[in-house]
Each structure stands twice: as structure tokens, then as C-alpha cells.
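Labels run A, B, C and D following the written order; every chain starts at residue 1.
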Amino acid sequence: MSADTLATARPAVELEGITKRFPGVVANHDIRIVVEPGTVHAIVGENGAGKSTLMKILYGMQKPDEGTIKVNGEEVSFRSPSDAIAVGIGMVHQHFMLADNLTVLENIVLGAEPTRAGLLDTGRARARIAELAEAHGLRVDPDRLVEDLGVGDRQRVEILKVLYRGARILILDEPTAVLVPQEVEELFQNLRELKAEGLTVIFISHKLDEVLGIADAITVIRRGTTVAAMPRAEVTSARQLAELMVGSELPTPETRESTVTDRLAFRVAHLTVEADGHHPAPKGVPVEEYAAQLRADGTRLLLDDVSFDIHQGEILGIAGVEGNGQSELIEAIMGIRAAHGAIALGEQDMSSWPTLRRREAGIGYIPEDRHRQGLLLEASLWENRVLGHQTRKPARKGIWIDRRAAREDTERIVKDYDVRTPGVETLALALSGGNQQKLIVGREMSGEPRFLIAAHPTRGVDVGAQAAIWDHLRDARAAGLAVLLISADLDELIGLSDTIRVIYRGRLVASLDPSDITPERLGGYMTGAIAGNEES
Amino acid sequence: MTRVRKYHLTLIGVAALLLVVSLVRVITGHNDITSSGMFSAALLLAVPIGLAGLGGLWAERAGVVNIGLEGMMVLGTWSAGWAGYQWGPWAALVAGLLAGAIGGLIHAVATISFGVDHIISGVAINLLGPGVTRFLSEVLYKEGTTASVAGAGITTSPPLSSPPPTPSLPLLSDGPDLLGKLESTHWFLLSDLAGLLRGLTHEVNLLLVLAVLLLPLTYAVLWRTSFGLRLRSAGENPWAAESLGVNVYRIKYIAVVISGAFAGLGGVFLVFFANKYVEGQTQGRGFIGLATMIFGNWRPGGLAAGAALFGYADGLQLRSKEAVVSFFLFGAVLLLAYLVIQIRRLTAPDRPADLVAGASRQYVRMAFATLGMIVLFWLWLTVDRLPDEFVYITPHVLTLLVLLVASQRLRMPKADGVRYRRGEQH
Amino acid sequence: GGDSGGTTASEAPSSAGASSEAAKGALKVGLAFDIGGRGDKSFNDAAYAGLEKAKTDLGAEIKELSPAADGSNRGDLLRQLADAGYNPIIGVGFAYGDDIKKTAEEYPDIQFAVVDSASNGPNVTGLLFAEEQGSYLAGVAAALKSKEGHVGFVGGVENDLIKKFQAGFQAGVKSVKADAKIDVTYISPDGDFSGFKAPDKGKIAAQKMYQDGADIVYHASGDSGLGVFQAAAAAGKLAIGVDSDQRQTVKEADLQKVIMTSMLKRVDVGVFEFIKAIQGGAKGGTDTVYDLKVDGVGLSTTGGEIDDIKDKLDAAKQDIVDGKITVPAKP
Amino acid sequence: MPAGLNRALLTVAGVVIAIVLAIAISSVAITAAGASPLDAFAAFFDFGDSERAQSNGIAAFLNRAVPLFIAGLAVSVGFRMNLFNIGVEGQYRLAAIVAAYVGSTFTAPAPIQIAVIIIVAAATGGLYALIPAVMKVTRGVNEVIATIMLNYIALSLTAYLVRGPFAGERAAGQLTTTTPKLPESAMFPNLNFIFDWFGLVAPTRGGGLQGFLLVAIVLGVIVWIVLERTRFGFDVKASGLNGPAALASGVNPKKMIIAAMVMSGGIAGLIGLPEILGDKGAFNSNFTAGLGFLGIAVALLGRNKPVGIAFAALLFAFLDRAQGSLQFAGVPSSVVTIIQAVIVLLVVIANEVTNRLALRIEERRAAQQLGRDNDPVEVTA
């Protein structure tokens, strides 16, 4: 930092010696970061490096144990986010912070409501939102319920929330994780505009090329402390950044030679899911016909006549912006959600089977949200091993749960999958996200499935664990496993899949060959910008 | 747009119901089912339930389940009796409110500050309320005390030192009492309407007016003010609220304390009604209130409807045990209406696909409805008077029946009952 | 309110021998209340009045216990009294019937009494009250006073005890006006005692009767009766109280006015007389019936509202005492 | 397991602190009432002067604990999977009358007679609990409301049955309505011989120490085994800890709701049996009410675990027994309810605090252990 830059303007944010300890973890250790006003400052670091913690400290959500924070040159001390908001800081969180059952408008004004005579002045709020939306190209209908919005819209609401408060310093914690490239580009356009207006942006991402595309300066955090800080110009490649982050080389998800066989492993035909409750189809009417009729009636369909085959040794990737029917597809296959159409494992039709029987027949399931669908956080690891395998060896002996066998098998998983834990009696919540995910992968593989649903298998998992999970998927595929892979990480999708199908508004619209597709083109299909090559 | 349609639909529904009720009255000759006395009793019985329900609404909208309403209501009745005999109805009002609020505060401390399971804390308060009040009675109302001389016993307080004022609407329900005259003609529909209006306006106690006003007030505060928005956000996603600088703890505290105060107010109402505290006079109304709140989909309007239904049915079984039988006819007519609508839908040329698909199911349902209609009709023809034991439970059975029909549409606040701790996101 | 001046109940003829009997000293009387307990200003307190009288008049040492709110420990209270050396022991309320039977078997040397239930052991005395007879008089009074020929009855809990009140009342009314209309309402079913604690529901039930044209309502509904009085006051009509002279025990002046009379049930007399008899060496195994003959039940006259029909009431009473009229105990 | 031991120790410490605090708080109340707290606490331990009184007191205490324990068990089964069966109250009442009536209609050798009565009671309770379960599963009716309403309905229904179809003979002058008397073979043998073992006088109180205590113990063990060791128990636990995860693992939530509710109701059906088979010999209109609601408090206090529930039931029963002694000591007996409520509240608060503490410790331990034996991320691409 040279003397003359200091002379021109005081840094927008200056973090000095920030240390934050959690029980057993030092999340931040003596961190120092200087963010110049009117710039986009990226912070990178692997999972658990302490980025979110740092930002929460800057936003007043957590108190640092040590260190000082200066905003626009003034030293500040925040007791709550409202203090941070007061000095012009706004934060978009890593996970959406929206109240589903409130409208967009209510979510935006919450905490900074305009009032007239004690009542909420929605007129003024609406005007101001329209104005902001116009100025920054962030268009959303203020009267819709947030629960009806897609992820892109939600992200826009989050940013509007921050702008609405007149923030001059924006913190964006992994805002692009759930966006497709086109949306990312839109977002970056917005950010550049904001920057042009003199706003400061602190931007966190795991996607290094994105970082290189938008940032003016970059700080790298490793294991809770700053290991490098430099202007964009000094960075030569993503690889260089990555090595700073992890101290070693980047893994790639590419699969080499194809292991696809011609033996059919799994088939879905004409899968259709109604939005407003399932109504059984009349007897004798083929599903296609019934689906057509529903369409004609204007019934909203979450899944619209979806068909595909997966062969043994094949990974079928489903690309799509979140909310286009992926969750429904998985749930329909698992039997959690009622659907029309046929689902067959091998030769066996299982469309009328309950979830349990499907699992027993050999479907493995890595859910998209491990905390919601995958784990009993307040139960031990071995009990989590039993989950989903209550009816099978080794977890079960007659009507009993075979505790000893379950423990032993859990120890095997811990060893084989490198789950870092003090023991199998440890509660699942004491494990880090990546280790929890490895446990789930190990569990689902241990049932020797013939078909595996892997939804976002490496989401929120750091590079090390990521590579391990990819390896396991590849090995299983080589052994003849059929995999349905759903991922928002397009590199992962392209790298692992043998075939990619694009889902858009509940329909499979394109079938692509991963060997000659770029993430950008894929994003085009996903957003509907490029018309699909399939008719259903 | 949808709101307007919903509102109209509600109006049409109410009108249709009134029509059917009026018809049933004329056929059965049970004039009491729409008499002003009936509606006034229904209102009186509905109000304490509704107040408890409102209490539940405030707490649950802020994300705290309050099953301790009953205990808080008990605290309210005792305190109102105690303050009322010494300093009159206004003091009773304040004391009841405060005592309920203290109950709420205990619940708040346990659930919000200590993160205790909401149900557990509520159950403890339901134990605590009757225990503490009985204890206080044993101490303060024992023989030889001035209270005892004034008429207190171990189970009752002395009467209020002066009765709460009871205004009634001039002209319509008092003096010339035009509505009363119209009602006594027993004309179809007109008398029923008159009965309804007169029942709601004749000799209304001030607290009752206040209680009824609390419904729109609650709506206004929760849905039209910034405080209400924050409160609801605390029940939907407290972490989002926290991240925007809302002090979620404080909001929840306020909500739960108000919740207790409302339950206490329900207790005050009972004391005003009886003119004194009587041990056990809440009679489980806290629980019923909670039920009406769920029944009402966590909304003031629905809650009012639930409380009104319960109050009406309770009033009817208390006043005219024979008239309860006419509800068989009422049910039969409703089922008939349902059948007519279904047949028209099924025979319509452009019937929707889901009907085509679910036709067999539909037929089964209609067969059941037909059967039910016939049974109800037969019951109405043959039964003169049910054994009392079956009459007492009219309100409970009705509540269950309505829930069976309407329950699927309920949606509770998303973070209701969730333990919230600052900085610990789920 | 035991010693109200104008009641028709018999004057207890005992005070004379009090001082001499006090010398015996060893008399320790235990009493266990019904749910609600001591201080309920009603049934339990009436029993307590008898007990207290035994203390002052007979020099008895007394101990009274209230049961838990759910009444689950009635038997244990009796045993605790027995173990602590109390004899005799009295259970107040018909709910004690079963427990007294058991306890009496366990403690054959102790004398027991149960109010409102029959003797069921050689050392158990049943203290029974002819509520139907008193209620008959209440019915006669109501029918005579009613201008419309329309009266009402509000019962608290629909059990056989309260039905005795109803049966007597109805018979009394019909004896005067065979075509009289009698509305009957109960507040809660048997086993659910909330009907004794619901003044609001008592009020609503009575309100309906008054609106329909009844001009006198008799209640046997504990604290719910307050509501009946309020409804009467609001309608400008009359009501009849129960158990004790409610014109005296109810403190509100406007409510006192509407209480035409009360059907007295002299539990105090029953309790006291029992203790006295035991002190005199009596043994149990029989029932003592407190009926009109011994003035164990009757009508209160405070306020003088029924003075004008005193002749007719006395005649009716005499007919019952003479056995010319048998009052039904079941409706 | 040192981690488990840690947790257990912390829990016990928390409970002890909570009880001490509860005693302190109630002492304040007692003093305010003009009585001496020392007298009051002495009264809790005063089981009478004579040996007979003491034995009776102990029997009364244990007899009270039995239905409370069963009620707690019944409630806990539902609560374990976040199913709030507030309807235990109605379930046991209805079950009691049906069982008492059915048991009175025939005579068989004692074991058969008693077994039939127990089965009828469990079946009735289970069937009555099936109503809210089916309503919830098919129509989404909130079980809290449904069971509250069904409690009132059961109350009226039993009132109807006991005076109508199920009415039995009554002695002249007996006002309590009752079902027919059960035959002698239906009466559960008592456990008075246990007092001999300890050299105590056998209690004389009606029925003595009720034999149903054994049934309760067996029931507790069965419930523990079912919930902790079987697949069904695992499914219940999973559903309670994380509904969506249980669903995804193949647990059928509808079946679980029905199974848990019926099991809860079935257990509830037994609550009234000690009173009927060990004491009264019939169902009558003075049948003890309110145990279902107390069961909620007992279950919560016992953290929904059979052993905890046993302790909680004993504690409640111990306090309840003192109702008479307190009055002898001149202390308002309502102080019992206050102590119970305060203990429930404080114990759960203490539980919460110690639980959190234990989790922290566990997390720290996990983190420390991992910090020691693992170095930076190694990449295996």
C-alpha cells in the first residue's frame, strides 16, 4: 500500500487483528484486511477458512474476541446488525435470509419500515423499491410471496434489501452459489453499476474465475488467517489463487474413459407431478394422455412428462436452475412425492412402491440438503448409519436394531471414507459439513445400491473432501453403478457426467454431450435462452 | 384481488348459512336457534375463548407456542377478583391484565431466554396457575380476614365492589327495542337477522366491546404496522429478522407478554361476567382458545369465526338442549347442498380433468354424503331429545367436524415453536 | 350460615349439656372435606360449622382436611386421621361412600360417618338428607309465587344427588299447578364437576328460562348459582337458593333481593348430631335421615318473601311428615 | 463412554440445582403464608407415627406413582416424535370404564380375567387414540385440537355409559353411579409381602401396595426396549429428531403417526386400572380424573425416557402424598402444586442449560481431537 493511495481516500473498511474463537475452533486469527472505497474486494478461501465468520463480525452479528474495525476511517464497535446498518454496511448472506410467508416488499422493508401515522407506509416503500429496481435492474414484483420466487429472484430481493437501507458497503457472501452463469453475469453487471456509483463491495466466492472476473483486489484466507492480499492485476491465474488457498493443486472432476454399459439400470417414463396436489389418473388412460389433458386444463405441472434411461456404469447429469423440478424429480423417484408415470429399477416397475421398498431394492440417496434430509444431527454417527438402512443388514436383526454391527460398520465407513471424527458415538452435529457429507456418501454406498441419486454431493464441501467424494462416485460407476447426478456446480456436472440432460420448467429440454459443452452454453439451456433440442 | 374475492366468498358463505339456519328454524320451530338471547349468549361465551385465542395468536405469530394460556387465564381471573373487590372493575381489569402478563413473562423467560421447549414451559404454567391461585386464596381469603368478611371463600373472591357498566344500543335494542319487536314476529330470515343484531348489541358489557375491538386492532397492529411486521417475521424467520437489525428477543418477549395479558383479559371477562372470581371458572377455555386459533389458521378473522362457532354451540346446548337436534336437519341440508353442487360439477360439459380422473373417488364421497344425509334426516325425524351427555359435547363435536372439512388449508408460522438463539442459525 | 334466625330447621337441643360433656375431653373428631375444601362458603363450610359447634359445645378436639384437587386422596386422608387417633371421622360428600367403607373395615374400632351416602359398615353412619323433600317445598313455594305458571331448575352436575333436588322440586310444583311448565337444565355431565364452578353458564341457562317466561328458577349448582341470581336480578325475577340461606351468604345487595328463599340442607346439624351421638356412646351401622320431620331440610324465610304462603308450605310439610305425600327422589 | 458419563453427571447436577432452587422458592411462599418452611419440609417426610401409618403412607405414595408413571409413559411415546397426545386424559377414562364393564360380565381364573381386562383397556385406549391419528393422517387435523376436543367427548361419553348401558347395581342410598362390581378374580393381588422383607408392617389401606406396580415396571421396560432397541423405536426417534430425514429414509410418517398414537393410547388405557383392579373394583363417577394432564408434566420432567419418567412419577407422588401431612402441619396443601410446577419449570431450564453445556463440551472435544491428529487438507485428485 503506497502513501499516495492513502492520501486520496480513507479505506472503506479496515479490519485489524481480528480474532474469533469458537469452542474448539479458532475461526479467525489475527486477520487484517483493507478494502478501498469504490472497489470490488474479493475474499477467497476454502470451506471453513473463516470468511463468513469474518463478515458476520463486520456486520455486527458476531463479536470479535480481539481486533478493531474501522469503517471509513472511524473505529466502530457493533453490538448488533443495526449498528452496522447505521454506518452503511449491508450484507447478503450465504444462505437466504428471507421469510417465505411474507411478501417481497415486507421482506425488503423489514427492520427499516417507512411509517405514516404509526402504520406501515406501503406506498412509499413500493415507490422506493421501484426506484431501486429501476436504477439497478433488479426487477421483482413487490407483492408476491417470497415462497413463490425462484432463486434468482430471491437473490435480487436480498440485494434490494441491502440497497433499500442505503448501504454504501455491500457484503456478498457466496452470492453466486445458486446462480447460473447468465444470472451471475447479470449480477456482476449490477455490481459494476454499484461500483460506478461509488459503492464498495466485498465479495466472497469459491469460484475463482468469477473472482478474477469482477474483483479489483483479492484477499486470501487460509485456516482463519490472511495469507495474501493483492490487487487483481497481480494475480496471473486461478490456479495461483487456488494454491494460495489450499497450499496445493486444484482437483478436477473430470472422468476419463466411459464405463457406460448397455445394460439398463434405471428408467423413468412420463414422470409427471402436479403442483396442487396429486390426483390419481383414471384407470386405463395412459400417462402421456392424462398429462396432456392436465396441460390442456391449465394445471400447473412441476414435472412434465419426464423420461430417461440410465445404464449401468453411467452417470446422468441433470442441469437446471434450482426450482425447475429437480427436487420434485428426486422426491418422485424416492417415492416421497406422488407422481404419474413409470419408474423402473432394472426390469422391475416400482412406481407404486413406498420409499422403504425402493431403498431396499437398491436405490441410494444423497439428498440435496444434508441437514434436512440426510442426518439426525442430535444422534450419534452409528445411528445415522442406520438411517435409511433400518430394515437391512447389518443394521437390523429381526425386529431389533443390531447396535454392535451398526457400530462396526460405521467404523468401517469412518475409515474408508476418511470421516474425521473422534468416534462413532459422536453426535453428528459435532462434525464439520464436509465430514458429515462423507458419512452420508459412505452410508449410501454401503447399501450396495444399483442406482444412486446424488444431489449436490459436494455442495459446501471443501476441495479436499470434494475430491474424495468424486473419487468414490467414479469408483462406484466403474463398478457398474448407475448414478443420477444433480448439481449446481456446472464444472462438476460436466466433469462427471456421461450424459447431461437439462431440466427447464419441469421438462427435459435438452440432451447434451458433456465432452463438447461449456458451462456458458449449458447455462444458456438452463435459463431457456437457448432453445432445447428435445421435444417431449 | 384474491383478497377481495375471499372477502366476498366469506360474505356469501355467511349469508347462505344464515339462510339455511333460518330455514331450519322455521321448519323445526326451535325459535331459539336465532333468538337474540341465543346470539348474546354465544357472544358472551365466545369472548373469553376468543381472547385466549388472540393471546395464542400473538405468541405464535412471533414463533412461540403458548399452551400455557389456560394457566395465564387462571392467574387473570384470580387477580381480577382480588383487585376487583377492593378497588372496582377498572382495577380488576388492570390486575387481570398484569397477572396474565406475568404468566406470559415467565413463559417468555423460559422459552426465549433459556430455550426451553415451548410445550413444556406451557404445561408448567398450567400447573402453576391453579397452584398459585389456590395458595393465594388459602392465604388471603382464609377465615377471619377482611376479604372473608366481604364474602370471600377458599374458592371464591368477594364480589366486585361495583359492577362493570353495560351499555346497549339505543333505539334498536333498547327503549323502543325495534329489533326485539321484529325478532318476536318470527318471520323468515328477517327475524333471524334481527335476533343476530339485537343479540350483539343488547346490554353489552364494556369489556365485551373492548374485546371485540381487539380483533381488528390485532389485525391492524400485526398486519399494518412495522412492529407487526417485525413480530410476524420473528415467527416466520427470526434469523432473517435478526440479520436486519431487528431485536428478535425483544419482539418475542413483547409478543408473549401481550399474549399472557390477553389470556388474563379473558379471565377478567369471566370475572366481570360472574361478578367475582370462582375457582375453576376458566374451564379449559385456554385450551379451547388455542384450538380456535389453529382453527382460524393463525388469523384474527378465522379465530373469531372459530370462537363464535364454539360459543354458539355451547350457548345452544346450555339454553335449548332440544334444539340441538335441529342441527341434524341443518347437517342434512348442508350435505344436500354439497351433493347438488357435486352433481352439477360432474354433469357439466367441461368438467375439469381431475374430476374425470378422480371420478370413482368422487362417487364414493358422494355416496357417503348421501348416506350421511339420510342418517341425519332420519335422526332428526326420530330423535326428540338426545341424552344430555351427547348434548354437552355439541361444541366439541362441531369443532371437530368443521376441522375435518377445512383443516388442509391451515398454515402455521414457519418458525412457530422453534427454539431461536441469536447467532445460531438453523 | 348455620344459626340463621328464621329458618324452619330444628333448634339443636344440645347446648345445655355442653359443659358437663366437655369433661370427657378425649373426643377427637376428624373430618375430611369434599373437593373444594374448607372455606367454600357452602357445603363444606356447613359441615365445618357442625364440627366447630362440636368443638365449642362438646369440647371436642377437631381436625379437618381438604382433599387434593382431583380427589384422589380421599381414602388416604381418612386413614391419616384414623392413624392420628381421631375418632369419630366424618367424610363429607357422597364421593366418600366407597372410601369410608374400606377405611371402616380397616379400622373397626373407629366410628365413621359419611354425609350424603348410606351406611355400609357396622361402624359407619350414613348421614342422609331428604333433599327431595326440601326441594318439594321449594317447588310448592315456586308454584304458588309464580304468576306465569312457569318455573325453572338449574342443576350443576347431572348426577343422582342433584337429580333428587330436581325430582322433589318438580313434584312440589306439580302438586300446586299440575300444568305448570318446568324448564330443567344441567351444566355438566356426571363426573365433570365443572358445572358447580361455572357462574357464567348458570347465568346463561337461567337467562334462557327467564326469557322464555319463567319467573322463578331454583338452582342446585354450587357457585354456578351466582349466575342464576344474576340472571334473575337482570330480568327482575326471582330465584331460589340452595344448601344454606343464600340470602344471607350472598353479599351483593341486588342479588339478595331476588333470592325468594333457599332450600336448606342442614349438614351442620347432621355433623353435630352425629358427633354428639357418638360421644353419647352410639354406634354406627345405621343411617340417620335428616328430613322435614327433624328439620334436616327446609326453607329459609329471611326477607319474608314467603311469609304469605307459610300456611300452605306448612301444610305441605305436614303432609310429607305424616306420610300422606311421598316425594320421589328420582325425576 | 466418558462423553455419555459427562452428560449424565451434568444432567444430575442440573436437576439437583433445580430442585434446591424450587425448594428455596417454595420456602418463600410458605413463609409468606405464615407457616414455617421447616415444618413444611418435615411434613413431606412425615409418614405418620405408627408403623401402620408409615406403611400406609409408603403404599399410598407408591400407589400414586404407578398411574402417574403409566400416564407419563403414554404421553412420552407421542412426544418422542413430536406428536402431542393431549388426549391421554380422555383415553384412559374411556378405557377404564369399558375395561371395568367388560371385566364384570364374565368370570374366569384370575390370570385370564385380569389379562382380558388389561387387553380390553389397552385396546379401548388405542382405538380412541386412533381417531385423532386418522384425522391427522387423512385430513391433516391438528392432533392437539382433536385430542382436546376428544377429552371432553370422552368425559361425556363415560358419564353416559356409567349411568346408562354400563350401569351396575348400587346399594340403597349410594349416589355414586358405578359399573357392575368386578368378580374377585379380577382383583389384582397386592404386594404387601414386600413390606415383610423389610420387616415392616403390611399396609392395611384398601388393597395395600397395589400389584399393578409390577405391570407398570414391566410396561416401562417394554417401552424402553421398544423405543431404544427395536427398529420401530428407531423410526420413532428418527421421526422425532428430523421428520424429513426419516421420510427420506423410508419411514412412512402416516404409519408412524398411527402407530405411535395407538401405542400411546394403548398405554394410556392402563392408567385407570390400578385404581379399578387394586382398589375400587369398578368404575364409578368419582373415578380419579386429571392423570392424563399430570402425565404430560411427568413425561416432560422425565425427558420422555422411561427411567426419567419413573423418577418424575415418584417425585410427583411423593409430593402428592404429603397433602394430608401438610395440613396437619398447618401449611396450605396447595404448596404441593406450586412445588411441582416450579420443579418442572426449573428442571427443564436446567436440562436446557446442561444440555447445551454438554454439546459444547462434545464439540470442543471433537474439534480438539481432530486438531491434534490431522494436518492441512490433502488433495487426491
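Criterion: a residue touches a chain if its C-beta (ideal position, glycine included) is under 8 Å from a C-beta of that chain, and two chains touch if they have at least 3 such contacts.
By chain, UniProt protein names: A = Simple sugar transport system ATP-binding protein; B, D = Simple sugar transport system permease protein.
Since this is a predicted model, take the numbers as computed values, not measurements.
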item: Chain pair, A-B or A-D, that carries the greater number of C-beta contacts; value: A-D
item: Distance between chain centroids, defined by C-alpha means - chain A, chain D (Å); value: 45
item: Chain C and chain D: spacing of chain centres that average the CA atoms, whole Å; value: 37
item: Centre distance in Å when chain B and chain D are each reduced to the mean of their C-alpha atoms; value: 31
item: In chain D, residues with contacts to at least two other chains; value: 156, 159-160, 336-337
item: Contacts with 2+ other chains: residues of chain C; value: 69, 158, 189
item: Arrangement of touching chains [line / ring / star / complete / other]; value: other
item: Chain pairs in mutual contact under the definition given at the outset; value: A-B, A-D, B-C, B-D, C-D
item: Touching residues on chain D, where the partner in the complex is chain B; value: 29, 32-34, 79, 84, 86, 135, 139-142, 144-146, 148-150, 152-153, 156-157, 159-160, 164, 293, 296-297, 300, 332, 334-338, 340-342, 344-345, 348-349, 352-353, 356
item: List of chain C residues in touch with chain B within their complex; value: 36-42, 45, 69, 158, 185-189, 194, 197-201, 203-205, 207-208, 211, 223, 226-227, 230, 234, 249-252
item: Footprint of chain D on chain C - complex, ascending; value: 63, 65-73, 75-77, 79-80, 83-84, 94-95, 97-99, 102-103, 106, 116-120, 126, 128, 158-161, 189-192, 287
item: Residue ranges of chain A touching chain D (in the complex, touch as defined); value: 23-25, 46, 223, 246-252, 334, 336, 354-360, 365, 367, 372-379, 383, 386-391, 396, 399-401, 403, 420-422, 425-427, 429-431, 462-464, 467-468, 471
item: Chain D - residues contacting chain C, complex; value: 48-50, 52-53, 56-57, 60, 64, 155-156, 158-160, 162-163, 171-177, 204-206, 279-280, 284-291, 320-321, 323-325, 327-328, 333, 336-337
